[in-house]
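In the part that follows, the structures are each spelled out as structure tokens.
Presented sequentially are two complexes of chain A, the first with chain B as partner and the second with chain C.
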Partner chain A sequence: MTAFRFHFVLVAVLITCFAISASAQKAPTFKQPVLLTSAGQSADVTMASTLLKKAKIEALAKPLAQPADLKGIHTLIVVAGFSSKGLGAAGISREDEMNRVTTLLEAAKKAKIPVLTMHLGGAARRGSQSDDFNKVAAEAAAYLLIVKQGDEDSFFSSIAQEKKIPIEVVDKIAGAVAPLQSVIP
Partner chain B sequence: MSHRPVFRSLVHTAAALIAAAALLSAQTQTGTSQVAVGTTSAVATAHPLATKAALTMLAKGGNAVDAAVAAAFAIGVVEPDGSGLGGGGGMLIFLGPEKKSLYINYYQRAGERLEELPYDREEDRQSVRASLVPGTVAGLCGALEQFGSLPLAVVLEPAIRYAEEGFAIDATLAKIILDNFELLEKDSATSSIYLDEGFPRAEGDRLTQPALASTLRLIAQNGRAGFYEGTVAQTIVQETSQRGAVFTLDDFKNYREIVTEPVKGTYRGYDVLSAAVPQSGAAVIEALNILENVPLGELGHPTVSVESLHLMAEALRRTYADRSAYIADPLFEQFPLKGLLSKPYALERFLDINMERATPPRYRDTKPGKPEKFEKESDSRDPRDDGFLRLDLAEADGGGHTTHLVVVDRNGSMVSLTQTLGTFFGSGMTTAGVLMNNARSNFARTVQVNAARAGKQPRSSISPTILVKDGIPVLAVGSPGSARIVSTVVQLITNVVDFGMDAAQANDAPRFFCQKFEDYLYLENRYSQEIRAELEAKGHALEIYGDYDLFFGGAQMILFDPATRTYQASADPRRGGAAAAN
Partner chain C sequence: MRSHHARAVLMLILVAALAVVASWEFRAMRQADLILPGPGVTRQTTLGAYHNALLGSSAETPVYVLEGALPGGTLCVLGGVHPNEASGFLAATVLVEHIVVERGRLIVIPQASWGGYTCTDPMEAYPEHYTIPLPMGERTFRYGSRGMNPIDQWPDPLVYLHHPSGQQLSGIETRNLNRCFPGRPDGTYTERVAYAIMQVLRTEGVDIAIDLHEAAPEYPVINTIVAHEKGTEIAAQAVLSLEFEDLQFTLERSPVRFRGLSHREWGDGTEAYAFLMETGNIMQGRLRGRTTPELLVSGIDRMYLKAAAIGMVKIPYDSSGVPIELRVGRHLQGIAALLEGYNDERPERRIMLDRLPSFAECASGGVGAFLNSPTTFHPSTTGEIP
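Coming up: the complex of A and B.
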């Protein structure tokens, strides 16, 4: 029983340390105008658009944004999550999409445009098909805004900790409005 | 306090966590099929609660039709994206004691004022302007009236309970809700069901449908009239007309399911029974007839033999070209069905295939054949002539986003049932708790045999199929998946018949798809790089999907093994289905 209690306390302490460490990074402030794009062509970019409207943040939504679209932009929001249906509708392959995303992120980095990465789709946007896009988009971010169900295995929290990226984990999609208002005043 | 036991405890905990993670990972990677084996009866549907509904009916002494109808009503509640009261479908029944087969066509049908309705194929595709008169209630009630043994109220009880009390959203539904967010948020009644604070409900959230429960109760009390007459029909007609549809009360009152013969063929000694026209069983049989010209089993499974995969792809795109050119509602159009189903025609189509190169290079240039000249051929039958299940095909003419379920009962009666709303969530409009279909998108773009007309049924891909050997139904199979249905059903049949797979292996095996209208050969990611390279060398343009991708359908199947006299039921690992057997 004593051993169990010690074990429990130790695990709790470790989790707390991890959580403090992950959230210790101060959230940056992003400026408008904002370009909104997808990494993986899921319909989640539409939900992000709705979230931004609710947060009264204007954004140019271009799911297939190219480096040229970054002209005059001060913040790039990337909504991560793969959808074969979305790729089919866009008429591009998975490889095309990955090339587009990496090229866009490199161009944003070169132009010193900060990236805000959102993951809204929870477990449905995790797994082998989505995680390549999730990783690329998360690692390039200056701030991560994640719906909790997509981080049950600490996929995003681990990236945040390793890359020292501020992260906000919200319980459900609607909960993303307040953090957006906070970081994009 | 000694820390040694604590350390050991931590190590054990960590080891257990790693083992569990590895097991979970392994299961995810292999997509282990949901399988059950039994000797008396079996069920497989796309949702555990629908499977449970069927099992409940069998436990009450019901037959395969009772069980299938209960599961079909239930699946419309717990997998509401794929089918429901606002859609339609087809039910293939093999009655074990009588050794008789029949097909109930309850697909959606155009209303009498359809041609008055301006319709933009792109703009209106996912709106109630694309809705046709639903057939689900008529089909399921009709099946129960004629072939069931339990009262409608009993059979409907699980569906009503699931709608009223709710159920936890599973991973498959959560993903489909996410993918269709834009559609779901357009209609307030629909969004109130599937969205929470304006955003998609997630896996694990509870989904209740009280308005649907009320409508189901009316059907339980009044039979089909509870849907096609009275307040439900009035509400649907009135509310859909406010959104631009042109249904009349008579459209609903006059809807009747069609009970007919299935289309019939043979494949390597099996009798093949499948969905009557204008559903696509004829295409399944044509593809099998083409493939029968080579010993596919000797070539090897498409995962290891590029020859097999190339041949099947080339056969399928020819089949799809024929399907598009000829198959339509037989009550409105004449077309050479006998020719399409004949073995000599299949041989002609087979001889058109170049085993070295994809021909013509672009899939969309694939031309339909000329089955008319084989229309008088009488050898579409197996040469064996025991009189079993070989009725004149002319009798058969008496009469994607989708779901499939299969049941076999203790008397050897088997049901293979596919039903649909059109595409996921159909029109996106909910009225009287009923999500309306968008089946109009299945009519052809241009004026041809499948053009939209008042009272007509569009061509549909649904292909519920049963294979019979020596008078015993040995395989019930079908799939959702829009245009992929025919391709997937053919692959499942060849997996069993040619490659000797059991139900789980057949359902797990990697799938591909190609047809006339798209220029890619779509493959699941599990095909090897060698096969991909060889396909490209033959001129196929490839598009790679996930390891287990919903794009290729969500098949359910029951396979009877005569050696062990057992039924193997399998639910597709690509979808959250469940198989059960006793």
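Coming up: the complex of A and C.
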């Protein structure tokens, strides 16, 4: 009886450990060259470009990247967040941008190029206008790098848990430099 | 019959008295605000010096030049493009009254839309003046309108056609300076002002130009730096630098197709890196309650507390409100951060300002701590509009 109890507890502990390790996904590593683009045309893509420079990671920044731009690319970084001014700057509609993003993400999936999705804009890049882009970009990601204020309602954490995507939540935008250096060595 | 005559006469006297009071108040709006240039001001001129057509008109707003002892680039700061956005004007006034330039040059136009300071917007219940407390005493300033005074440019067309793009906007925008850049020398009153400001940027060889604004708390582009594409990397650097000070700003790119805006036309039409900054002003919000001078200064409104509770406000908002010292502090800290980014980009033409108050200093000391006191300072800019 004692032996049975011991084995029962052992099995329970092993199952729990397995569950914990499965939920806290290990961050993958990404290879260069890197293509940097936007999902929603917010200027956060410029912020990401500045962060990559600080992390000494070279990236080709194309806010309006198309599937053809994926040629020779090993990592696609998508910076999510909607901006009406950004769409105005790009001279495209919201629908055009959504079509571009979904087409690009499908092309990346087909070419087996992993996607790293960043959300830097906090609460200002959340809400009905942004969240369509946030969702599409987050669900396609192999790794999520999120500034905490944008995940106060666990929007990104929930997607990460559901889709088993590793996620790193940082307190501030500048805090994204270290995780970038870690996953893009 | 006699009593009817007496009543009619009484009514006429009452109406005449009301007309006199209203005229008196309207005329009082034409009394210039007191700006007391500090030790850094090396030259003072007016917008008329850059476009003769403005000479002697009500558009001839003061321009202050602060020249450093060491050579460098030129920064131009505009406040009061929209006179109902008070923190922009006050931040620009702090620059004129308090700071000293170490290297390079600073040009400040605190009340770019001078004509807009001579009236308030109809149907808004806006006060004509507000008061800023000083360590000893107080200063009173005008609270103007978003557009120029219709007495200077009337009537508004049904549709405003922007020059030179032909873009169509609502007719009232014809008096909105921030829809009229780059203007034209022989255009409307507002277009002539816009042209004169472009001439300031061109003839003075301005390297970096910053336009200070405020917006309603429910407006999505708020606590923001809007950057022309030439300067997005400078602005990105500035946003990161501001984050270290616990000030969250979002970065927005200047739309290419929306013409007439300062950041778009200054960036396209001059050599300057062009930026616009927005803070949150409860007075401009559609949801506000009682509209008083105190509301402008404190930014505390119970209707906005309710709005914030249901997520309708785009800035952090609680019972402490968004007081003027925090809004002015954001602008001043934002200027410092943009300059830092600019100096990294153009070290050979760097600009160094001394005594520029930080956000924390404004928050703790109030705006009045960085304004001069009329009791201890000889006023050099006061009196009737020319």
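Simple rule for what comes next: the second predicted complex is superposed on the first by the 162 of 185 C-alpha atoms of A that agree within 3 Å, B and C clash if a C-alpha of one lies under 4 Å from a C-alpha of the other, contacts with A are read in each partner's own complex, and residues count from 1 in each chain.
We adopt the following convention: contacts are C-beta pairs under 8 Å (C-beta built on N, C-alpha and C of every residue); 3 or more make two chains touch, one makes a residue touch a chain.
Because the structure is a prediction, the values reported are computed rather than measured.
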Q) Superposed on chain A, are chain B and chain C clashing or fitting side by side? A) clash
Q. For A:Thr50, is the partner it touches chain B (first), chain C (second), both, or none of the two (neither)?
A. both
Q: Considering only touches as defined above, state whether A:Thr37 meets chain B (first), chain C (second), both or neither.
A: neither
Q: Go through the superposed model and pick first if A:Ala89 touches only chain B, second if only chain C, both, or neither.
A: second
Q: Applying the touch criterion given at the start, work out whether A:Thr117 contacts chain B, chain C, both or neither, answering first, second, both or neither.
A: neither
(Q) If we overlay the two complexes on their shared chain A, which of chain B and chain C does A:Asn134 touch? Say first, second, both or neither. (A) neither
Q. When both complexes are superposed, which of chain B and chain C contacts more residues belonging to chain A?
A. B
Q: Quick one: from 9-17, 297-305, 441-449 or 531-539, give me the piece of chain B that collides with chain C in the overlay.
A: 441-449
Q. What residues on chain A does chain C touch that chain B touches too?
A. 42-44, 46-47, 50, 83-86, 88, 121-122, 124-125, 129, 149, 172-174
Q: Going by the contact rule at the top, pick out the chain A residues touching chain B in the complex.
A: 2-4, 6-7, 10, 42-44, 46-47, 50, 54, 83-86, 88, 93-94, 120-125, 127-129, 147, 149, 172-174
Q.
Considering only the defined contacts, which chain C positions touch chain A in the complex?
A. 220-221, 223, 226-227, 229, 232-233, 235-237, 239-240, 243-244, 248, 250-258, 314
Q. Along chain B, where are the residues that touch chain A in the complex?
A. 1, 3, 5-6, 9-10, 13, 28, 171, 174-175, 178-182, 185, 196-200, 202-204, 543-547, 549, 551
Q: Using the touch rule from the top, collect the residues of chain A that touch chain C in their complex.
A: 41-44, 46-47, 49-51, 83-86, 88-91, 121-122, 124-125, 129, 149, 172-174
